[in-house]
Amino acid sequence: MIKSFKKRLTALVTVGPTVLWLGAFLMIPLIYVIGISFLTKNAYGGVDFAPTISNYISLFQSEYAKVFLDSLWLSLETTVICLLVGYPFAYIIANAPKRWKPFLVLLLMLPFWTNSLIRTYGWNTLLRTEGIINHFLQNIGLIREPLEMLYTDGAVLLGMVYALLPFTVLPLHTSIEKLDKSLLEAASDLGASRKHVFMRVVLPLTMPGIFAGSIQTFIPSLGFFFISDMMGGAKTMYIGNLIKNQFLSARNWPLGAVLSIVLIVITLILMKLYTRVGSLEDMA
Amino acid sequence: MKKRRKVREFKPYSMFYACLVYLFLYLPIFVVIAFSFNTSKINITFEGFTFEWYWKMFENRQLMQSFGNTVIVAAVSTVFSVIIGTLCALGLYKFEFKLKNLISSSLYIPIVIPELVFAIALLIFFTSIHVSMSMVTLIIAHVTFSMPFVVITVRARLAGFDKSIEEAARDLGANEFRTFMRVTLPMISPGVISGGMLALTMSLDDVVVSFFTAGPESTTLPLKILGMVRKGVSPDVNALSTLMIFGTIVILLTSTLIQGRLEKRM
Amino acid sequence: MNQASEKVIVRLTNVDKNFDSERVVKKLNLDIEEGEFLTLLGPSGCGKTTTLRMIAGFEYPTEGQIFLEGEDVDDKKPNERNVNTVFQNYALFPHMNVFDNIAFGLVEKKVKKEEIQRRVEEMIKLVQLDGMEKRMPSQMSGGQKQRVAIARALVNRPKVLLLDEPLGALDLKLRKQMQGELKHLQRQLGITFIYVTHDQEEALTMSDRIAIMNHGYLEQVGTPEEVYNHPKTKFVADFIGESNIIEGYIENMTDNSIEVTMESGKAVIAEKGYRLEEIIYLCVRPENLKLSTDPVKGFRFRGQVREHVFIGSINKTMIELPNGQMLKAETPAEDELIPVGTVVNVYWNPGKVVVMRTKEEQIYNVIEQSVEIEGMTNDQIF
């Protein structure tokens, strides 16, 4: 009995803090979000304890539907571009000569280690109407009037791709790295052309990496409001900004909560799809 | 028989492509670094080389304060995450209990849900229980999203661990505590270090969660820059950002080296 | 305590071990004497490693007691027992060099620094690792790691050394060499070795006594000669070396021989003490099975030569009996072979056959039932 009591105590001391912490600062706050989504906002920017589902119904207003569609479209574009750019890149790094590889991986990690906002702000400096690129192009006489590059949808897309590309490349790199090279030799030995080796062996085997990379790009992109703040004009509203506004300027917390729940639902659906092909362990 | 070539070299077009992507990744960083040495006040052309901004930034009290906050939050939240997370990983490794699966899968919640949702959940929670945003709420938020990464990293290290090594220590006369100190802890230390590195990186990199959970007195450097971007950023921000970039890289490179050396020895 | 038990250093009485609902070790009784080399032998999953781990203190018996030097160790943790273990995968501390690995136990015992230095160096010499003190485990070969593991255990001067398949990961040649060294070490130091293996050849060459386990039961304990020449159960006969096991029943008896009728013929064995019409099993080692094209007196037992397999110094001949059973016979390589397809007379020296009464499964059934019957012990049943 004492042996098992001591064991239980140790288990409690080791795992207990995490359970308490995640319970108090993750689970309970998420329950609060659900709770508040059923309350009514009052005139002072707070909430009244009057249960309602009207917040959910207002989701179906066309303006919100447009925000969702625009956001999902932007995230999809971001993910696809990141994959298209990132896959060959990850493949080159994974198959680089041995003495180069550690250096190349390190080069890939460095941007990860610097604050994404500082990096995005670098783009802001480059793309401004009176920014470096315009100034340079005018100087060499290629253009006369400065180009409108910043505060466009294209700039937002660029910022998103830029901020999320490392998140796509790392899982891709891991799964390409893990690929058993003798399988490629076996495939070409069995008569597959290089193109077929890629289509029939490499691509299917690196699918888990492709999925993990996509998820890790798509989900955060839905919430990166600061990139559209810095790179985009007020032309297009994205879900991240919409949620942010409900808590800062519009002070409609119940609506903000509902919008967040929609984000959670989208995430859950994507995760459900993902766990069919990959494991959670590959995500971290 | 054809001899297989052992040494693979870059194909020229692969190399070109890789350089292009690296350029894309590094261009904005170079811009920030370059303009921190620029004599001109506006970030358009490079007019001359100066260290002026590296002195000027110390006079900008608000900027220095936000930088200090960033460092404090990152350091404190990393220490907390490492301690709580390592304990949890050890507990999950050592013991079998009913809720084990539930706990291990709920560790992935903060990893997969969008940061924004997590951030506003904390905002709603703290406001509802009448806790105003401060350094404390900021640190709590950072620990919550980085601690699961520590648990997962340390667990991964423990998973490749032969249980009989701990038994060997017991067999040779070490009690539970001595076994932990002399065998378990040294063996998981590479995992603990890389978990800590992840936590540190995540804290330094965070914008979204800090945006909602920081109080007016506890803005971090990224938040400060976000507030300044529209109006135009003063060159001392470039200087401080450059410092932060190099500081982070030095810290993380050092710990990667230490971690690599520890791992290599084993 | 009486004179006889003073020499017993490890005693297991009625030891049972359950994992969840699975009984891994069943009613084990075993005395191990001081200074002997005892091998626990059996197929994987037979409970031999669990038995070893219970002696070391990593597992506790569900029922029964373990005595080390006459003391019940039920409440003793591994670090409180005067036994040391050599683990299957060596379990060297990967973050410590050879010297620190070997010194680990002495540091725990708070032995003085100079003495640690002296004793570790002595051990390093003993296992022939001179000059490797500063090596890390990752820089060593399997054989070298094994030596470190042995030195690390022996430096503590344990009363009993437990070895869990220590040579399993080594290649054949190195294994043979280490077998000799281990045996030599044990003789030199006079420490009791309890050695777990599934390799019967290893057990036969190294042990003073072998304890054969199967399905958690102790089948037989004895010297290598005893278990090889006089297996008590069909399992032992089959597991130790190769055996031809033939079922038969007793038709005729004289004073010192029995005539056995088998499905495929008749034979004579030199045994007594059986009843008429009793069902028995005959166990004949392949080297004792003889073939002849001429009739043999007392035998009417024929089969067809199916195949010859040449294995170095001997030839193995497979003979198929009319009922389909295959028998193995071994003959020196230089002997002339009987062509495949020939029908031959099979016979043996009547003294070179072991007779067993029942299938061991029947014994198990009886014991299993005894657990069901409350308050009844094995002694009452047998």
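Going by the order they are written in, the chains are A, B and C; count residues from 1 in each one.
FYI, a residue touches a chain if its C-beta (ideal position, glycine included) is under 8 Å from a C-beta of that chain, and two chains touch if they have at least 3 such contacts.
Since we're looking at a predicted model, the values are computed, not measured.
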Centrality ranking, top chain (CA atoms only): B
Per Cα centroids, the chain farthest from subunit C: A
Distance from the mean Cα position of subunit B to that of subunit A, given in whole angstrom: 17
Separation of subunit A from subunit C, taking each centre as the mean of its C-alpha atoms, in whole Å: 60
Distance between the centres, which are taken as Cα means, of subunit C and subunit B, whole angstrom: 56
Of all residues in subunit B, the ones touching two or more other chains: none
List of subunit A residues in touch with subunit B within their complex: 7, 10-11, 13-15, 17-19, 21-22, 25-30, 32-33, 36, 85, 88-89, 92-93, 95-98, 100, 104, 107-126, 130-132, 135, 162, 165-166, 215, 219-220, 222-226, 229-230, 240, 243-244, 247, 253, 256-257, 260, 263-264, 267, 271, 280-281, 283-284
List of subunit B residues in touch with subunit A within their complex: 7-10, 14-15, 17-18, 21-22, 24-32, 35, 42-45, 84-85, 87-88, 90-92, 94-95, 97, 103, 105-118, 120-125, 128, 140-141, 143-144, 147-149, 151-153, 156, 201, 204-205, 207-208, 211-212, 221-222, 225-226, 229, 233, 241, 244-245, 248-249, 252
Sites on subunit C touched by subunit B in the complex: 56-58, 77-79, 83-85, 87-89, 91-95, 104-105, 108-109, 136-138, 152-153, 156
In the complex, subunit B residues that touch subunit C: 162, 164-165, 167-175, 178, 182-183, 186-187, 262, 265-266
